[in-house]
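Shared between the two complexes below is subunit A, which pairs with subunit B and subunit C, respectively.
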Partner chain A sequence: MRPAFPVRLGIAEETLIAQLKAAGADQIAERVTVAGLPTRRVEAYHYTDLKTLLRTIPPLAQPANEATGTALRVAGAYTLSIVNGVVQNAATAPEGVIVGKTHGGVLTHRDDTLVGISNGLTKEALSLDLKGAIGQVIQIDHRIEGEAAHVADATKIFVADDSSVVILETFSGSDAAHVGNHASYIALGKNAVVTHVTVDLGSRSTSHFATNEYHLGDGAQLRTLVVHAGSGLARTHLFPRMEGAGAHADVTGLNLVAEGQHSDITMETTHAVPHTSSQPLFKSITRGRSKAVVQGKLIVARDAQKTDAKFMHQGLMLSDDAEILSKPELEIYADDVVCGHGSTCGKLDDDSLFYLLSRGIPKAEAETMLVRGFIAELIDPIEDEALNEALQGIVDGWLLGDH
Partner chain B sequence: MADYDIPTLKEEIDRETVEQVLALDVDKYKYGFESDIESDVLPPGLTEETVRFISAKKEEPEWMLEWRLDAFRRFQTLEEPTWAKLHYPKIDLQEISFYAAPKSFKGPKSLAEVDPELLKTYEKLGIPLKEQAILAGVEGAAESVGTPFGANVAVDAVFDSVSVVTTFREELAKVGIIFCSISEAVREHPELVKKYLGSVVPVSDNYYATLNSAVFTDGSFVYIPKGVRCPMELSTYFRINEKKTGQFERTLIIADDDSYVSYLEGCTAPSRDENQLHAAVVELVALDNAEIKYSTVQNWYPGDKDGKGGIYNFVTKRGDCRGVNSHISWTQVETGSAITWKYPSCILRGDGSRGEFYSIAISNGYQQVDSGTKMIHLGKNTSSRIISKGIAAGFSDNTYRGQVSAHAKAKNARNFTQCDSLLIGDKCGAHTVPYIESRNGTAVFEHEATTSKISDDQMFYCLQRGLNEEEAVALIVNGFVRDVLQHLPMEFMVETQKLISISLEGSVG
Partner chain C sequence: MTDTAAKTPVLEIRNLHARIEEREILKGVNLVIPQGEVHAIMGRNGSGKSTLSYVLAGKEDYEITEGEILLNGESILEMEPAERAAAGIFLAFQYPIEIPGVATMTFLKAAINAQRKARGEGELSTPDFMRAVKEAGAQLNVDSAMLKRPLNVGFSGGEKKRAEIMQMALLKPSLAVLDETDSGLDIDALQVVSKGVNALRDGKRSMLVITHYQRLLNHIVPDVVHVFSDGRIVESGDKDLALQLEAKGYADYDGQAA
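Right, the complex of A and B next:
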C-alpha cells in the first residue's frame, strides 16, 4: 500500500526544506515537502532508502578557518581545494589550465532528489577550462572541516578538442556527521581523452553523495574510476552521455565496504547517437555486516545503431553477513546493437586459495593477493604512475583494516 | 470440349486466387473466432454483491464466502501498480462482467445433443471428434476412448468463468489423484483447500491477486498423494468467450511427498475490439522430494495490427518448494495478449530445493510484455536456474524483469541466469531489469544477458539456400529459443514451433 498523502516528514526533511527555501530553491523544496526523501519505493533508491539512512541533516557549512591536509597525496599533482563549499585560491595553474568560478549548480535537471538538492544549494562552482595535453594530474580536493555540516559544492570542467588530462577528485574531512553533496560536470570535446578518478575518503560518520555527469563529443575517450573507501554512507551517480560518433567510455567503480558501511554506485549511460561504445565495469568487496549496491542502466536510443556496450558487475564477499545488491538494466530501442550485461557474486575461489596455500603462502597474504588480482582490472588502466600507486595504497590500506 | 473446359478452369483459378488474397487479408490470429453459445452473464460492475453472487452461484460454504469478502475489503484499499514498463488506459472494473457461464452444459448423452456451436469451437481448435465428445462431457465418452490428445492427457476446460468439463477423473482417482475444478474442490475437499489456498500467494499479495481472491470463478485443482507419479499429463484449456468479461481463474496444485506431476496450460480468446481482462492466480505447493512441472502456452488474442483490442493479462504465479529436495519448474511460451504482466516465481524454502524458469516471450505489433521470474532462496543448498529468451518485433516492447535473492540463512545458494533478447526491426524495444540480491557470503550468483539482432550472416546463409525472409527468421528464432523449447512436453513443442512462426509473421520487410 502506498503511504497516505501527504507523507510524514522527519527532522532531516524539515531541516532540508528550510535550507532549500532559504537558498531560494523552491521547486526542490516543494518536491521534498510533497514526497519526502526518496524511499525504497522510488525505483532508483530501491536499495538505498534515504528516508531511513539519513536521520538528520546538519546545518549548512560555514567557511572553515583551519584545514587539514589532503587525504590523498599524489606526487606532482596540481591541487585545487574546495573547503566547506568555498573554492580556495590556488597556486599558478599549469599551461593550458584556466581556473575560474561560476555561480549556481552545474548539473542538468533530472528527476532525482539528490541532483535537485545539489543544484538548489550550490552557490559557487569551480570551473576549469582545459586545453592541450596536460601532463600534470589535476587534483580537486574537497574537504568538510569543523562541526558537522551540510555542504553542496560543484565543479564544471570543459576539455577542449584534442586535449588530454587526468583529473582526480578526493573527498575527506573532519570526523563529524557531515552530509556532502558534490557535483561534477565534465564536457569532452572532439577526440578529447580524459581520465576522471573520484575517491571518497570521508570519515565513518559522514554521508557522501556525488553526481558525475559527462558529455562526450565525437571520438572522445573517457575513463572514470569511482572509489568508495571511507564514508559510512556513500552514493555516487554516474551519468555519461555519448553524444558524438566514435565516443567511448570505460565507466568503472569500486565499492570497498566494511562493518556498518553502505556504498552505492548508480550509473545511467545513454547512447544517444550511432557508433558509440561503453564498457561499464564495477566491483564490490564487502567485509563484516555491510552493504554494497551497484545499479546500472544502459539506454540505447532509437537511432543509436551500432552501439556496442558491455556492462559488468562482480561482487566479492569476504564475510558471511554482508549484502551485495545489484541491478544491471538494459533499455534498448535500436536493433542493430551488441549489448550485454553480466553480474556475478560469490566468495574467494577455494581452488585459487588452496593453490597459494599449498605453495607455502600464509592465508592472510594469499587472500590479499587474490583480492588485489580481483581489483587489478580497475586500477591497472590508470597510467599515471603516482596516481596508480596512491590508489593501490588505498586498497592495501583497506585490506589492512585502516578504513 | 476444350471450349467448355477452359472457363471452368479459369473460374477455378480465380476462386483460388480470391481465396488466397482473402486469406492474406484476414487477421493472422487463428483462434480469433467467437463461439455463439448461450450463456449466463452477470451485469458489469464490482461490488460486495458481485462477490456474494459468485460465491452463491458456486454453492460455496460460508467460510469461502468470508474469505472472498475479506479479499474484497482489502482490495478496496489497494492501488493499481504502475512500476511495470507498460502503458495502457486505466482499466475500469465497473465496466467488466465478473461472471459468465455457458448455459448448456449439463451432461449430454451423445455428441448430437451437444451445443453445435461448442463443437464448432473445438473443431476450429483442431480437437479430434473423440476428444470433442470427452470435452463436451458426453456421458461415458471418457471411458470408451483410449488415449485422447495423442498421448495420455487429462483435460480441464474452462470457458469464461466456469470449468466445463474435466476428463479422465476416474482413472486418476484410482491412484488417488484429485483433478477437478476448484469450485468442486471447495465443496468436496474443503480440508485441502482451506489448508493450501492462499498459502503461497497471500490474499493481499498484490492488486491483481487480491482482486482474483475476491472474484475468482473457476480453475483447476490438483492433488497428488504421497509417492504417486501422475501417470499422464494434466492440462487446462482456458478460453475467454463472452464480450466484456473478465476471466479470473485460480489454480492450486499440491504435490505431496515423493510425488510428481506435469501440468500444461493453454489459453485463447476471440478477436475483439475492446480489451478484456484476465487476472489469474496459480499456486503450486511441492512437499518433500516432490516435483511439479508447469508449462504454459499463452496465446490470448494480442490485438489487431493497429494495437486495437487484445487481452490484458495480469497473472500471479508462484510455486512454493516447501519440502526438502523439492523441485518446481516453470516453462512458459508467451506469444499472445496485448499486455502481459507475469512473473512465475519459486520460493525455495526447503533445504536442497530447486527452482527453474524457462521462458520464451515473443511480442509483435503493439504488444507489451513485462515478464520474468523471482527466485527467493531461503533454505540451505538451494539452486535455481533462469533461461529467458525475449523476441521483440514490430512496435512492441519486451521487458524481462526478474529477481534473484538469497536470504542470510540460504547457505550455498546457487543461481544461474541467462536472459537474451533479440530485436527484429528498429521500432521495437527490448529491456532487461534484473534484481540480484545476495545476503550471505556463501551464495554464488551468475547473471548474463545479451541483446542483439539476427546477424546478416545468418540471414544470408538461409536466404542463399532458398528460404524466403520470413522462413529464415522463423528458423533462426526457433534456434534462438531452443534451450527453452527442450523443456516443453512433446505435444507442446511441435505446436510451439509453429506458433513462433505465426507470431512473427509480418515482422520482416
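Right, the complex of A and C next:
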C-alpha cells in the first residue's frame, strides 16, 4: 500500500532517484519518489527499515583501478570476478561451463524496491550456462573497490537437466561506505543438484543487499547457504520457487553479527506445484549490541498438494545487549500439506559448557566448540572439503573477532 | 617433600559448606581419601551426594561458604573447572550431556591435549591419540560407530556411561568421582562399566563412588563406605556397612544430622 500523501524524502532517496533517472529506470524512480525507501510498514522490511538505516547513497561506481583480491580463497575453485559492477575477463572455463554476459537486470519483476533498483541499475550481468557434473567449485567474487560506491551487479545461471554444481558467491571490497545491490538468478533444470553459497565479507562501513531468485524444475535439489559475516548492514532476500514435482530445497542461512551490526535474511519460498518440499533452516549468532533478523514465509499455491515445508530459526545470544528477531509466516492455499515453523533463542547451554570444562577444555575453547556445534548443521552438508574448510574458517575468524 | 608426598591424601575435604542460592546443601563435609583407595558415598536422594561431586568438579552454581578442598595437598577452591581437570579430577556424570554438532573424537582430542598443555606436556600425536582411543574403546565396548557420532548424541543410557569411563581411561585422573554411575544400567552394562572402572584401579588412582544402591559396590568393591545424610558424612565403615544399609535403609540416620 502506498501512502496517499507523498512521503518526505531524505538525502539518500534524492540521490537514488537521480541515479535511477540517469539510468533510465523511470518506473522505479517514480516508485521511490512516491513511497521512499521501504520502512517498517512494509512487511518484508519490518525489522530492517531502510529509510532509517540508509542515510546516504554513494555515487554510482566507476571501474576500479586497483583490486584487493578475493576475500575468500577456496583451493581448486574456478573464480570469476565482478569488480564495481564490471564483469572481468576470466580464465578458460572448465568443461561444461559457458561464461557470458547479458545486458540489464536479471530478477523477475516483483513488488519490492530493492529488486526494482537492482533491475534498474544493473548494466551487465555475468551469465553462466552449466551442464554435466561440474567437479570444480565455481566462485563468483564480487568486489567493490576504491571510494564509497553504489554498485548493482548480477549473475544469471542456468543449470541444465541432470547436472550438478557448487556455486560460491563472495562479496567484499575496500573499507568504505559502499552500497551493494547484488542479484542472483539461478534456474535448475530437471534433477539438477545445486549448492549455492553466498558469503558477505564486506567492511563494517558497507551496506550489503542481495536478492537470490531460484527456480526449481522437476526433481531439482537445491541447497543454499547465506552467510552474513562482514558488512555493517546486510540483508539477503531469498525467493526460491518450487516449480516441478519432486523439487526440494534446503534453504539455509547464518547471521553472524557483532557490535553495531544489523543482518537480515528474509525468505519467501513458493511451492507452486504439488509434491515439492523445502526445509528452511536459519541460525543467528549475536555478540555485543547487534541485531539479527530472520523472516521466513512459505507460500503454498492452491494446487500444490502434498507440500512438505518446515521453517526453523535458531538464535544464539553471546551477549545480553543483542536482539534476535524472528518472523515466520505461512500462506497456504492448498489443504493437503504439511507445513510448520519454529523459532528458538538462547544462550550457550550452561550444562554443556560445564561438561566440556570438566574435561579440562579451557572456557574460550569450549565456547568455540559449542558455537561450532551450533552451526554444524549448516556447514557440514557442504561436501566440498576446501569450501567447507573456508566456511569454517570464516566462523572461527568471526569468533576470534576478525570480522 | 618426597617423604611426605606418599602420605599426602589425594583428596582432603575439611568442614565443607556449600549452598545454591539461599539453600545450604553441604553442611560440614569431612573426608580423606588416601592414594589408591576407593571410597563409596551412599545416601538417599536429595542428601547432597551429587552436589558434592559438582562442587569437587567446580560447577559455578554452588557457593562455598566454609571449608577447604585439597587435591594432592593443594587447595582447588580458587581453580576453574578446566584447571581442576588438568590437576587430576575427573567427574563421571550421572547424566552425561548430549552435545549435537561436536564430534566425539574432536572432543576427546581437545580434552586430552588441553590437559596435557596445562601440565606443560606436548600434544599427543594423531597416531598415538588414535591408538589410545582404540585401546580404551575396546575395553568398554565403545566401537568406532559410537565415536563417529556427535558427543553422547543418540547414545543409550549404557553407552553414555561406557563413554564416560572411556574418557576417564583416556584422561587418567588422580581422583575419579563417579556420580551414580550405576543409574540406568542393566546388569550387563553394569558389569562392563565396573570392569572398566576396576581396570583403572592401579593402587595410585583414588576414586569416590557415589551411589544410591549397594549393588554397584558388589562390582566395584570399596575400601571405605561413608553414609551421607543431610549434607554431611554421618558414618563411615568398611564394605559391610553398605550391606547393612541395603538391609535396613537410611531411616536410622534421619534426624541424626540435624
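Quick note on the criterion: the second predicted complex is superposed on the first by the 399 of 403 C-alpha atoms of A that agree within 3 Å, B and C clash if a C-alpha of one lies under 4 Å from a C-alpha of the other, contacts with A are read in each partner's own complex, and residues count from 1 in each chain.
Simple rule for what comes next: a contact is a pair of C-beta atoms (placed from the backbone, for glycine too) under 8 Å apart; a residue touches a chain by one contact, two chains touch by 3 or more.
Please read all numbers here as calculations on a predicted model, not as lab measurements.
In the superposition on chain A, A:352 makes contact with subunit C only, while subunit B stays out of contact range. In the superposition on chain A, contact of A:360 is made with subunit C only, not with subunit B. Of the two partners subunit B and subunit C, more residues of subunit A are touched by B.
Legend: residue contacts after superposition of the two complexes on their common chain; A:99 is shown touching neither subunit B nor subunit C. Of the two partner chains placed around the shared chain by superposition, subunit B is the only one that A:323 touches, whereas subunit C remains out of contact. Contacts of A:44 after superposition: neither subunit B nor subunit C is touched. After overlaying the two complexes on the shared chain, residue contacts for A:335 are found with subunit B alone; subunit C is out of touch.
Once the two complexes are overlaid on the shared chain, A:375 sits against subunit C while remaining clear of subunit B. According to the touch criterion, subunit A has no shared surface contacted by subunit B in one complex and subunit C in the other. The touching residues of subunit B, when paired with subunit A in their complex, are 77-79, 83, 408, 421, 423-426, 428-453.
Of all residues in subunit A, those touching subunit C in their complex are 350-352, 354-363, 365-366, 369-370, 372-377.
In the complex of the two chains, the subunit C residues touching subunit A come out as 57-60, 80-82, 84-86, 90-91, 93, 96-97, 99-102, 106-107, 110-111, 114-115, 118, 150, 167, 171. Taken in their complex, subunit A has these residues touching subunit B: 1-2, 43, 46, 302-303, 305, 315, 317-347.
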